[in-house]
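Order of writing sets the labels: A, B, C and D. Residues in every chain begin at 1.
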């Protein structure tokens, strides 16, 4: 049962999720580049800056932050050999039939609609940009959860851009007409 | 990238998932009682033994086993204060908007169809039997993931019974006509 | 492959989804009442007006509008006996193991996070307010898809309120401090 | 509320789903070829015949059959211009942000686990074999739902093969050691 007395402020959670990503070697720029590469052909006037803002906005969602905190924690525990057996071996070896890594990533992708889900599946197989780097990092590195989380954030940010393009087209505009910041986070808190 | 050399045999994973459940104070019987209570009115001839077998069969699924291993690990790490902050506080306090606990449980519920999903939602709010006990356990106990996992297993086993009942009715039979074991695990391995 | 030449403006889609709901006898007020009944205990200062606005906002989402258009179409076709056999009989009889009705409704619930999913499951079993009325309407009425869609909209609007309450609490406020319109639709278009 | 008096036997539903697929120009063989192309590299001894059997087994699942019946019905109604506006235009033009087509297909993919979901997303973007043909059929043909359904069946059958391979490897075998029929439907009814 929920104990309200130990509540963490959402700004703390947001910052921790962001820190986790950076600590594991993934920048907002890295993810934005995947989004840009996927969406450029469909969206006139789209710049990398728009994609950076869309990624920033995705990172403001609670579901995304919580998924990041859990996934990176499990990767780091596995790296330090601190998980119990056989979970340690399953995570460490990036067992193909494990599935909990995809499930956690899917939980936050779902909040961006079914187009985000198919884009996630595509990225998970194609492994472009930083995703490929994470998947093939040598040595003791464990990125079992992280690579799926990055796919999830990129797919979500791409889905936001596809939906925004549609609204722009209806108004007779393109991405050239809007400031990148319009795709970015709102000034305060999570979405009301 | 997957490293085949450290592969764990599926029997080891199955046993570890089962052990995790028991170690946290949940018996197959406890879960079967929830299933029985939910399904009795709809299914003539249904016995607790049929429900025990259906739960046993659900526990043979990889998705279910992996979800159990991850969820129980996180609960136990939180109990020992071994998660990093702020995840430690979020899991420890069973934060209502966390969501990753439901997401992991949903991942395995999905494999039993949309009826299992709605039953999961129902159980998650109603908290009958062992689920209520887990949710209100006093002291340092952390069951943030476990209570959702138990809902998930019960909802899946109940869904299997609803589908089986339909097949029985088409043959003019009821649960009184079939051995409980027919609902239970197959002799070998996971489902081919 | 997508043919852009027959594109429908999103305002037309939004209006059609709203009309479909009203035509089938469901008002925004009906859905808001379910939300209010579920959320009142957890949210100080919450009024029915806040819930009306939250429902209005949910109805601005493309996923929700498309789900409504498809579900109501299938109900109405079934009512007019215009579906082919055996789909006609399956929809008409509200076959318990059908599942596509829940699947379509779940598609839009997912976009509001895992708390919305469990709330949906709960409502789908409890059938309060207008949902009960839809489920037991006499005569030739077919509401096989509609009752799940209403559960989905109510669960999504409730989830938005739970997330908003959290933000309010962090600022030391309650719903008494905010105008109902703050929970409502933005002035223009879908969410960017 | 469910009316048992008009119940359709599951054999009738299974046959109707199969007929719908064939009527729309998709053979079991077409889908099996996609599965084979995707899985060959990972599975020693895999033959097209194994894939045919895996597809046949997937087609025995209620979720899959119901999704097929609904999706093909909507495609055919759109082809005959029998949907109401604006749904008619949305389905007819294969509107990229529609999403209900993916949602219905995802509902049945979920029952095969998270590996099936990512494979579905991959196929939905790559559009190999019959999927490409469906997506680009000229003239008045509407395959808005069908192409996603075929992706879904192929992804599910592929996921079954990946899981089976794992079991085979644990026993020191390959697909060369098992009869294709072992991957196929059970003699009776749906899965108990």
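Note that in this section a contact is a pair of C-beta atoms (placed from the backbone, for glycine too) under 8 Å apart; a residue touches a chain by one contact, two chains touch by 3 or more.
This one's a predicted model, so the numbers in the text were calculated from it and none came from an experiment.
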| item | value |
| --- | --- |
| Chain labels contacting chain C and also chain D | A, B |
| Chain pair with more C-beta contacts, A-B versus A-C | A-B |
| Magnitude of the superposing rotation for chain A and chain D (Cα, nearest 5°) | 180 |
| Separation of chain A from chain B, taking each centre as the mean of its C-alpha atoms, in whole Å | 28 |
| Sites on chain B at which at least two other chains make contact | 62-63, 96-97, 99-100, 103, 106-107, 113-114, 163, 166 |
| Interface residues, chain C side, partner chain D - complex | 1-8, 12-13, 16, 62-63, 66-67, 69-70, 73-74, 76-77, 82-87, 89-90, 92-100, 103-104, 106-107, 135-136 |
| Chain D residues touching chain A - in the complex, by the definition given at the top | 96-97, 99-100, 102-103, 106, 113-115, 117-122, 124-126, 162-163, 166 |
| In the complex, chain C residues that touch chain A | 9-10, 62-63, 107, 110-114, 160, 163-164, 166-167, 170-171, 182-183, 189-192 |
